[in-house]
Amino acid sequence: MDINYVSSLLKEFKAGGLSLDEALEKLKILPYEDLEFAKLDHHRLLRQGFAEVVFCQGKTVAQVLAIMDRLAAYNRNILATRATPEMYEAVKNSMPDAKYHELARLIAIERQPPPADQDRVILVMSAGTSDIPVAEEAAVTAEMMGNVVRRVYDVGVAGIHRLLDQRKLIEDANVLIVVAGMEGALVSVVGGMAAKPVIAVPTSIGYGANFGGLSALLSMLNSCAAGIGVVNIDNGFGAGRLASIINHMR
Amino acid sequence: MDINYVSSLLKEFKAGGLSLDEALEKLKILPYEDLEFAKLDHHRLLRQGFAEVVFCQGKTVAQVLAIMDRLAAYNRNILATRATPEMYEAVKNSMPDAKYHELARLIAIERQPPPADQDRVILVMSAGTSDIPVAEEAAVTAEMMGNVVRRVYDVGVAGIHRLLDQRKLIEDANVLIVVAGMEGALVSVVGGMAAKPVIAVPTSIGYGANFGGLSALLSMLNSCAAGIGVVNIDNGFGAGRLASIINHMR
Amino acid sequence: MDINYVSSLLKEFKAGGLSLDEALEKLKILPYEDLEFAKLDHHRLLRQGFAEVVFCQGKTVAQVLAIMDRLAAYNRNILATRATPEMYEAVKNSMPDAKYHELARLIAIERQPPPADQDRVILVMSAGTSDIPVAEEAAVTAEMMGNVVRRVYDVGVAGIHRLLDQRKLIEDANVLIVVAGMEGALVSVVGGMAAKPVIAVPTSIGYGANFGGLSALLSMLNSCAAGIGVVNIDNGFGAGRLASIINHMR
Amino acid sequence: MDINYVSSLLKEFKAGGLSLDEALEKLKILPYEDLEFAKLDHHRLLRQGFAEVVFCQGKTVAQVLAIMDRLAAYNRNILATRATPEMYEAVKNSMPDAKYHELARLIAIERQPPPADQDRVILVMSAGTSDIPVAEEAAVTAEMMGNVVRRVYDVGVAGIHRLLDQRKLIEDANVLIVVAGMEGALVSVVGGMAAKPVIAVPTSIGYGANFGGLSALLSMLNSCAAGIGVVNIDNGFGAGRLASIINHMR
Amino acid sequence: MDINYVSSLLKEFKAGGLSLDEALEKLKILPYEDLEFAKLDHHRLLRQGFAEVVFCQGKTVAQVLAIMDRLAAYNRNILATRATPEMYEAVKNSMPDAKYHELARLIAIERQPPPADQDRVILVMSAGTSDIPVAEEAAVTAEMMGNVVRRVYDVGVAGIHRLLDQRKLIEDANVLIVVAGMEGALVSVVGGMAAKPVIAVPTSIGYGANFGGLSALLSMLNSCAAGIGVVNIDNGFGAGRLASIINHMR
Amino acid sequence: MDINYVSSLLKEFKAGGLSLDEALEKLKILPYEDLEFAKLDHHRLLRQGFAEVVFCQGKTVAQVLAIMDRLAAYNRNILATRATPEMYEAVKNSMPDAKYHELARLIAIERQPPPADQDRVILVMSAGTSDIPVAEEAAVTAEMMGNVVRRVYDVGVAGIHRLLDQRKLIEDANVLIVVAGMEGALVSVVGGMAAKPVIAVPTSIGYGANFGGLSALLSMLNSCAAGIGVVNIDNGFGAGRLASIINHMR
Amino acid sequence: MDINYVSSLLKEFKAGGLSLDEALEKLKILPYEDLEFAKLDHHRLLRQGFAEVVFCQGKTVAQVLAIMDRLAAYNRNILATRATPEMYEAVKNSMPDAKYHELARLIAIERQPPPADQDRVILVMSAGTSDIPVAEEAAVTAEMMGNVVRRVYDVGVAGIHRLLDQRKLIEDANVLIVVAGMEGALVSVVGGMAAKPVIAVPTSIGYGANFGGLSALLSMLNSCAAGIGVVNIDNGFGAGRLASIINHMR
Amino acid sequence: MDINYVSSLLKEFKAGGLSLDEALEKLKILPYEDLEFAKLDHHRLLRQGFAEVVFCQGKTVAQVLAIMDRLAAYNRNILATRATPEMYEAVKNSMPDAKYHELARLIAIERQPPPADQDRVILVMSAGTSDIPVAEEAAVTAEMMGNVVRRVYDVGVAGIHRLLDQRKLIEDANVLIVVAGMEGALVSVVGGMAAKPVIAVPTSIGYGANFGGLSALLSMLNSCAAGIGVVNIDNGFGAGRLASIINHMR
């Protein structure tokens, strides 16, 4: 981040050469910090309401550490996804308040949790026990972004009464995240039960012709229930982020 | 069919050179009629309980006509699938009692309907109205093979109460055929409701990423409910045939 | 629809045997009308906020007409998607106030347009001119469900200045629908510009290795920008419906 | 499981407020036990004739153990599929009568084997020796659900006489399970030999363009023999379950 | 073709500057005729034993006519594949002895049929009647290249006795061409019956998940019988050509 | 296009408020003309060296006409790809100097052909006659953008001498465009013959398992020869454009 | 193998009850040995000219050992493919004359090498060094089945002179096996050079969009050169077997 | 390499039997060195401007060592791609000046770096940090072939300002290499910003439905920006090579 740029910008604002709106606008768009192997978008917090999230897959431990270190200098809450235990070890040494959500493979630093509206609940549902890691990635992401999250796991449609039993929870929720592998039918049944935004997350759980989650993905895209937005296979983070954006709308 | 062969075989039987079982066995396995472009398996009726069924796709009108003509010489009930109206016109000229099921694209000649057990019902369900042509192919096939068939159409899971309302019909049925396109979720919900054989038929109905029925096919193969056998996309005939075989078991 | 059932239910309510909530609850779940080839979910209006929408593909003209006729008996606003001109002719004869959106292939009957909040705008963007039919399907759907819709077409990323020029419109919108074929990159750029719900609609526009929209679909699912929900290829209706649900949240 | 619910239900039955049928009906549909990460469907035994089966893939050892422990409290016979040796070790410690079928990767607890009709045999055939693990999963599943099972392995069609030699076994069987990898041709030949339900199980055995079992799967779906129901790739359990349901029909 | 080049080459040969072998060698490699839109490889007859074959798909009628016209100037026997009736009309006008094989879509000019060894028979088998057009493309191709061809059609494995009945024909043949759609199982059974070269031709006949012939193609590539060479889907010509090459080996 | 904006910009430049570079820079980035259904990027000529090219597929005739009409107001040379004869008729009425390249499906208006360097030749090669339409799309595109183009068609590798014979042409060329369907092997052989940029264009020509050009596409991407850039299937325009850009480098 | 059956059969022959032909015929078709997990086809030697070959993938070490042990009791030469070093260790203990071809993963026991015709050479060519393991599987297989094999490796088309240099070897060969990964273009060039049977073996060598050998497979199936038979990806054994069958034709 | 051949060739040249051009021509085409498992194309340096590059995947350590050893005898600069650390260890022992680029998995021997034109810069851009290994493979390859390379990493389109900020670098570059995984949108935005050759490299970075890089590959092939050549997934080497060829054009 070019500190000089921001300085001069702020001085100009103080001197009246920039209105408040103009200054905010400029801050929203420009600066980032260049680490050579990464360009940190420090002002994403302003533009998108949450700091840049580190996608760890394919990065070296050293890269993850350096990026989180720099993000920590400008933000109070930081999230890293698809993190290995080894990455967590390195991060914890440098930032002892980092927490590791093992199932969800998330590293989280939460120094000043954002406030959450208790009346607007995000409900995370999973079809099976095996889908829980992805569901947790979604749930923890949404919590860190300032949302109240409720979880209902293992309510797949083969035992429809388990699902119908959750009708009250579904009606009380503001946004639904539905996580399912295999044939992903849970999404269609839930989608037909309520007029709420449903975010569908296909998982790679299953075997044979599920082809790494393709079966659930195609199912969800082709759902006979309208009002469903689908994210990538196993992309709990994306679902949590989208749910949070919707949930913060006024 | 080599009529001489059968004659000598029967004479041998009469003369005591063959036991009844031996004669039946021989009749079961050997003869067929050679039309050059087709080899008619006239004794399929003995071996499989129903005459050879004509799959019309890719055949010329003349071929379909010749095959049906020869089959009619040896069988009372004949079925042709994927038949065009043009084929039907040709067949009707020669066999005026032929009937055309337009939606299902079947030509049927039924001179001596096989008896059907009224207590053993095959229930054919479709998720949507658009799936009816395939469902009808299954239903008519099963009827022609001597089964009582009930139909319940347009009970997709997006309106789960429409489906739950059919519980009584499902419990009263002996075998279930579930026909669905799009995401095919109906199969999983039905499969979880009863311990009956469920035959799942994916259809090519849908658009976008249904990829000609692939989405429904993968859904059904990956169903979280056990006890489901899947047939080919749009293969109503295969489903009707399998249901009939199961329904005739004692 | 079992009119007797509803009668007795209402009488019971009047007599005090049911509270208001109980009556609403019962009405929400049960009745539908059985046309044999279709089961009309008349109370979807109560449960989901809009009447059942007719998906015309794979249905006969007669079926579409009968369904719309019955829906018209219970609803003021009706929508049919993927309708052919031939279907529209039949519908118009029976319901002269039906309108045909030719590009979007929608039949719409709008006798009592639902009120729309002028401050909550849904912005529909298309990457190219060829994507407009799908974009219009989304836009008209959202309008019929009571939303103010703005359209910005042909702002694909190959001329990034055309897109950046729309920043004000993007910031003023409440929900974004982004329609794109080919490589669908528009979604990622828009997704990175604002913290709003982005509904991504891949189209089948393109040639060669777009494989009927697969390229845009995979692009959107794999977008590096978070906060994106994807619907099926060419599924403008689904996008309009989801956008409307989100836009009506309070 | 809500024990209070069941208590009150039973009391009501005793007091005459519920008929026997009504009580059974209610028990069939409602209760399950909530372990947070899993919702155990204890009454599946009533509804489907066999207790819930544990699909171990994607679950932690602790989860598998807890689920089996609770199931064991309510059922005499329990089955877990896709179990690792490590899971078995944990289960055996807690339930010493658990048995591990190594090839089939099944954990089985069989305290009160269900009775099996000796005259109704399920015949499990495999095309090759390498398909045996999947075939065994099917066979053991069927046995645990109360069926007599016979096995004929390595009868692939490249040596057709080995298969024709099994004609007697095929004729004596009630239901056929055919397990094959590579090109799965065994299904079509067997399907043409007898009018019995054939359950086809494609396996992932093979190399090159078998694409993880896709070649066998497509073969079986496209079989020229009618009367075949296909299950997912390597899904021996599903085949055994379906065969058992069919075999128990009267 | 550069006629001067050949002239000088031949003169040099006559004058003794080139041995016979050298002259043949040069003729084998170099000349072709340039029509701008096509480069006719007139000496393919020398190099490969048969003149260049015209693949008509994607060519205009005028191009096909011009190419055949030039080929006819240098060759006695000419073959064009995937020819439309319209192309044939144009060709017949110019070359009245051209013949059209309608089913096989071949145009053939045969002015001096090559001699065929009566003891070396190519047997062309088809699984179904619908596969005959592809089988005929193979058969006619092989005949034009100087082979005795026998045909056996409609011997699919669902009626295995029809196939076993052909054992004598199979044993008498020198090379086998097996044409099959759907699941293509015929190839594996035939491949296991004899130690002959088997050329497998998948066809696009079938429906649903045959995916344009993919099911038969994968089946044949994964055949459990060894000694099978596969050609492209519906490529009867390629099969006939390969069979002819093998059949002419000494 | 906001003509006022450009006016004021130019006035400012004249008055000295903008340097030449600044003025050019501003012109390069901002203006476009808004036709509602299309946003014409009139300054693409400055930024990319050629006016916006109209991709006609999926557009209505009226849209194509309106776009070309507006482009013609600001540019001397205009190109439209994937144009139908019907579109051409409409355009010719309004712009009589428009020319239609039927094979290549291009509409071209060339009022002031850009100069072309005679020493820098782009060589367009096709493997077969059937690939010529795509090859012509590439060739005409390159010519319109100011390049000398040479064509060599029907030099597929099955007659390698026809190809080796073109060595001189290959060596004399500056950039190579290689167009091939089926297995696309021509690219690898040409790629190994010279150290020139090779632009590979897979075509959808072929049948059976070419899967609409997938076989040639994968071949070219996996070419064992380095130095090859691949464009989309049948994308002659893209190849011509890329070749032109490379050919104009100094 | 039912030794009694063979005994009685031979006695009957001796006694004149069977002619020589009849005896051979019966021996050709019936006997095999049943190991429960495998049915050994001991008379494949008579029927197909070589003993059953063991496909080791998916079998346990104990199964491989038992099968080879039994085969060794009836045959002099035995081949096992896809064998691991661990399997070889077990086999060598029991049959010390077993040899391991490490690259090709073959176990070979050759006690009486079949005679090979020195004038009929099979030429095995590979496009790259990395394809050698598959090429060796083909070469060793052919040698064990009584053929003279020559190898030419690393002659891919990117250096076409390396390939043209082998013209003499190609002309001297009787059958060609061409092994190639990546884009597999070698097959088309070789196929155009000579009128010999070409057996094409795609390999999984390559990266990125070769998709496990799919690119080479599709290339070879779509080859513009006729006279090519393709085997499965990496299936060196199948190629060697087919080449041997062709090479033994008279 | 046949040293005698070159000797006689040169003698002939000296004696006047060959002109200089003829001698060069002959040297360009013929010689290579035969290591049995590899045929080294030593004169590729003459023909293509750089020595043969070793593709290590699928080769044994011994093979890599032997090939590099021989190449080192005739060339000053050598490159090996996809090399493991183990291969590097072996090479370093024999050639101590070998360098290992760990991220890029390249072994490089650079004894006489080729001169590079400082005014013609190749710019390598990556969308994310995780794409750097592939980007480095491209960058190092281009550097070794005599080019000045600049790198800009982590400028994906989700933060468009980071990319727009690089406009100056883009304008100063001669050739662009754009490396991106996930949805690969960076290519389209960059492609629209400048009229330079853009070489697009899809990477396998991402998860879920990126299917090993397929999403980025299809995106890039379908880019709405013209002037883009795509190489194989993760093929940094190919991109560097193509960029170098283009960059050396005059």
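What to note about this one:
Lettered A, B, C, D, E, F, G and H in written order, each chain numbered from 1.
Following the convention adopted for this analysis, a contact is a pair of C-beta atoms (placed from the backbone, for glycine too) under 8 Å apart; a residue touches a chain by one contact, two chains touch by 3 or more.
All figures in this text were calculated on a predicted structure; none of them were measured in a lab.
For E-F, the equivalent interface within F-H, A-H or A-C is the one where over half of the contact pairs agree by residue number, namely A-H.
Centres computed as Cα averages put chain C at a distance of 49 Å from chain H. Here the spacing of chain C and chain F, counted between their Cα centres, is 38 Å.
Of all residues in chain D, those touching 2 or more other chains are 128, 159, 193, 208-211, 214, 217, 221-222, 226, 232-233, listed in ascending order. All chain pairs that count as touching, in label order, are A-B, A-C, A-D, A-H, B-C, B-D, B-E, C-F, C-H, D-E, D-G, E-F, E-G, F-G, F-H, G-H.
Interface residues of chain D, counted against chain A in their complex, comprise 29-30, 32, 36-39, 41, 44, 55, 57-59, 63, 67, 82, 202, 204, 212-214, 217, 232-235.
The touching residues of chain D, when paired with chain B in their complex, are 47-49, 53, 174, 193-197, 199, 217, 221-222, 226-233, 237-238, 241-242, 245-246, 249-250.
Only residues 128-133, 153-155, 159, 161-162, 165, 181, 205, 207-211 of chain A touch chain D when the two sit together in their complex. Considering their complex, residues 127-128, 156-160, 164, 182-185, 187-189, 191-193, 206, 208-211, 214-216, 218-226 of chain B touch chain A.
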